[in-house]
Amino acid sequence: MGWMRAPRTGGLMLLALIVAAIPWFLPNNFYFEMAILVGINAIVAVGLNLLIGYAGQISLGHAGFFGLGGYCSGILVATYGWPPALALLLGAVGVAALAFIIARPILRLKGHYLAMATLGLGIIISIVVSTEDWLTGGPDGMYVPPFTLFGWELYGEAVWYWVIGGLLLLAVWLALNIIDSPVGRALRALHGSEVAAQAAGVDTTRAKVRVFVVSAVFAAVMGSLHAHYAGFVTPTSSGFFHSIELVTMVVLGGMASTFGAVVGAAILTVLPQLLSGFEDYEMVVFGLILMLTMIFMPQGLVPTLARVCKRRDQRASPIPGVDEVDP
Amino acid sequence: MSLLRVEQLNKSFGGVHAVQDLSFEVDPGTIHSVIGPNGAGKTTLFNLVTGVYTPSSGNIFLDDQPTAGRPAHVLARLGMSRTFQNLQICMNMTALENVMVGRHLHLDRRFLPAMLRLPGIVRGDRDCRDKAAELMNFVGTGRYLDSDAASMPYGALKRLEIARALAAEPRLLLLDEPAAGLNANETAEIDVLIQKVAQTGVTVVLVEHDMKLVMNISDHILVLDYGKKLAEGTAEAVRHNPDVIAAYLGAA
Amino acid sequence: MAEFLQYLFSGITVGATYALVGLGFAMIYNASHVINFAQGEFLMIGGMMTVSMLGAGVPMPLAIVAAIVLATVVGLALEKFAVEPARNAEVVTVIIITIGASIFLRGLAQVVWGKEYHALPPFSGDTPISIGGATILPQSLWVLGVTVVVVAALAWFFNRTLMGKAILATSHNRDAAQLVGINTGLVLLISFGLSAALGAIAGIMIAPITLTSYDVGIMLGLKGFVAAVLGGLGSGVGAIVGGLILGITEAMAAGYISSEYKDAVPFVLILLILFFLPNGLFGVRGTERV
């Protein structure tokens, strides 16, 4: 379990190995598709974890940003013929601006209000996209053309797999960097004690707004890519339940653990497939997972396991581990 | 020239005058204590100076810069550091990281370089780590260098807060009851520590209940009663002031 | 004018429902500073249980009582098994637990009762009563009447009974309440039970007007939450006024602006409120001491 001690290099290396190895074990396109979805969800979860896990602020509306990214690509590319990369960029910038406008006044407030505001925003977005059918195709969603860059078309499960896999590594690297810097320390500090962080000179509102915007951009970019990959985008992608799914990934895998977010995304993406045939029970299982993790493992899977390992390690050697995955 | 100057300060909460017409100055390089019976307005004064409350009227100057009502993170930028009466330690971090947070203003706080982990960030953090470790040794918590804050005993956390406040390299350090909840031994250690801090040139203002501690280390004492200044002066002068004796003994 | 009156009637009717849900939120928030995101599910349980008891041939009054009892039991269980164990957890954790509970309950309802919409017959016929050119359903009068009775009963409970006063005391200062011998654990349990019962009553009253299904709890619950925040979290009067304002605004917007955006109204409203009046209409700005 030595890699846990140096998440930057060891953890990233292990993740890269896993990403590289997985295709050898995927028998057909169905499994590739699942792996790609895991990757997309994992990137969103890694971003959301910066907000929920590290900064301790909750968002119940991140699917709204995901959906906006998707619709921005759909509308600009399919309807207006924009180059996909430009549409993706504009979606990201637009979502960043929206997130900033919303967050600025609301992040001064405490937990419940932020939950309410983000939830409201998410619901408004999903109502708008299912109502304005002249623009979005309404509840049935709309067609989104494939992603092309300089005339090269992203086509086939294998290509998508490598693109998403690479992006996942990039996202994890960026997230680890943020956390392990003065900016990230300030985020964790305001989670631990907001007044103490302020007294140390941290402009807590600004810090929260920034991380909120960053996590929203992660969601928007992945929303765009997901829409291109799936070939369509529907209001469900921006709905309340999807927001909850995203939060669950963060919470189950581990609050304040970047690798935990990846693990959480993997479990919650694969689990419904395993439960297929039991679709009726999907919500029951989801709800139970949420409740039980929060009651019995409030830190989530990965940090809890890491702590167990650390404790065992410590018993073996007198020198305690440095730089833990972040408890 | 005084470092901190309070002029005609007033704060009332719905008719209750918690602080009334209070003026005083704190000279650089001294230990300045604020004492008074319960309800005298010490905590209110502390909260006014540290930007938690906005005064009803009056002014507070740090180096001739008006500070009244400015948010805490701006005060920090002006060179003011503080500790808390009820511990405000980030229990989700290690002891060392807590102290590192204190150095926030001396580090590169830009988002993009942090996200890309440019060499400057790595270097800055390494230096910050060393400085923080040094400070932990300075306040006497060196043995907790690798510990999670959550696993440390109360007395050590009290000192860790002082280390975090010092990490900002403040000119003015405000200590809110640094000895609260400590036993006689630990109080004596804090006593020594505060003097050590003052020797490094940091101006200390402390609000404290423990008379022995205050009398021992203060260069200057301000006595409050019912939100007003009751007396001011050296420990010796205050100790023999009849008004002070009356207020504390409750006799007229 | 008749049109306006019509919208006003329907606004007040739904508003009364939101007020009851909002009261449930306020009550739990006061006792524990927890926002119970599963509040909407109590409405669903109330409506669906009544429907299914009626289907089994149980007479209406008995069906209603059974539904309220079931919701209350669920509320008590929720407190005992999900909220109580997380007593000292942070806000995010508790919010997620109650969201988990709501999804769990909704999922269970879907398994037991299916996904169909059900109509509950009105309590006293459906011949509209005409007032000033507008009409009002007898069921709306039931909703309003029951709301008034429930609010009066609550007012009596909180001002006149020992338990009610104990709950109020706990909401003001938990530690002090504990010191004077109030069993704050019990207070919390009772708050959950009471607000579950409130939710069930609201759910049953509104079911004949809006239909009921396994997922009505999402929107009704969220709107009740909006009502509670609108009035300033934790204020009982605030929740009632907030509920009515919300119901009327929603009905007016649906009538005069766009019925498609009816469901978005509460959320636009709440965003505006949070922007400009961060403590709600009746909330007091609290200063935090450190």
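Here the chain labels run A, B and C in written order, and each chain numbers its own residues starting at 1.
To be clear about the criterion, a residue touches a chain if its C-beta (ideal position, glycine included) is under 8 Å from a C-beta of that chain, and two chains touch if they have at least 3 such contacts.
As the structure is a prediction and not an experimental result, all values here were calculated from the model.
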If you average the C-alpha positions per chain, which one ends up nearest the average over all of them?
A
Measuring between mean CA coordinates, which chain is farthest from chain B?
C
Compute the distance, rounded to whole Å, between the mean C-alpha positions of chain A and chain C.
32
Could you grab the centroid distance between chain A and chain B? Build each centroid from C-alpha atoms only and quote it in angstrom.
40
Can you check how far apart chain B and chain C are, centre to centre, with Cα atoms defining each centre and the answer in Å?
47
At least two partner chains per residue is the criterion; list those residues in chain B.
52, 84, 88
Can you list the residues of chain A that touch 2 or more other chains?
195
Using the touch definition from the top, which residues of chain C touch two or more other chains?
288, 290
Interface residues, chain C side, partner chain A - complex
35, 82, 85-86, 89-93, 95-97, 99-108, 110-111, 218, 222, 225-226, 229, 233, 260-261, 263-264, 266-268, 270-271, 274-275, 278, 288, 290
Under the touch definition given earlier, write down the residues of chain A that touch chain B in their complex.
174, 177-178, 180-186, 188-189, 191-193, 195-204, 210, 214, 256, 320, 322, 327
Chain C contact footprint on chain A (complex, rising order)
52, 56-58, 60, 102, 105-106, 108-113, 115-117, 119-121, 123-124, 127-128, 131, 195, 240, 244, 247-248, 251, 255, 280-292, 294-295, 298
Residues of chain B that touch chain A when the two form their complex:
50, 52, 71-73, 76-77, 81-82, 84, 88-93, 97-98, 100-102, 104-105, 107-111, 114-117, 121, 124-125, 128, 146, 148, 164-165, 167-168
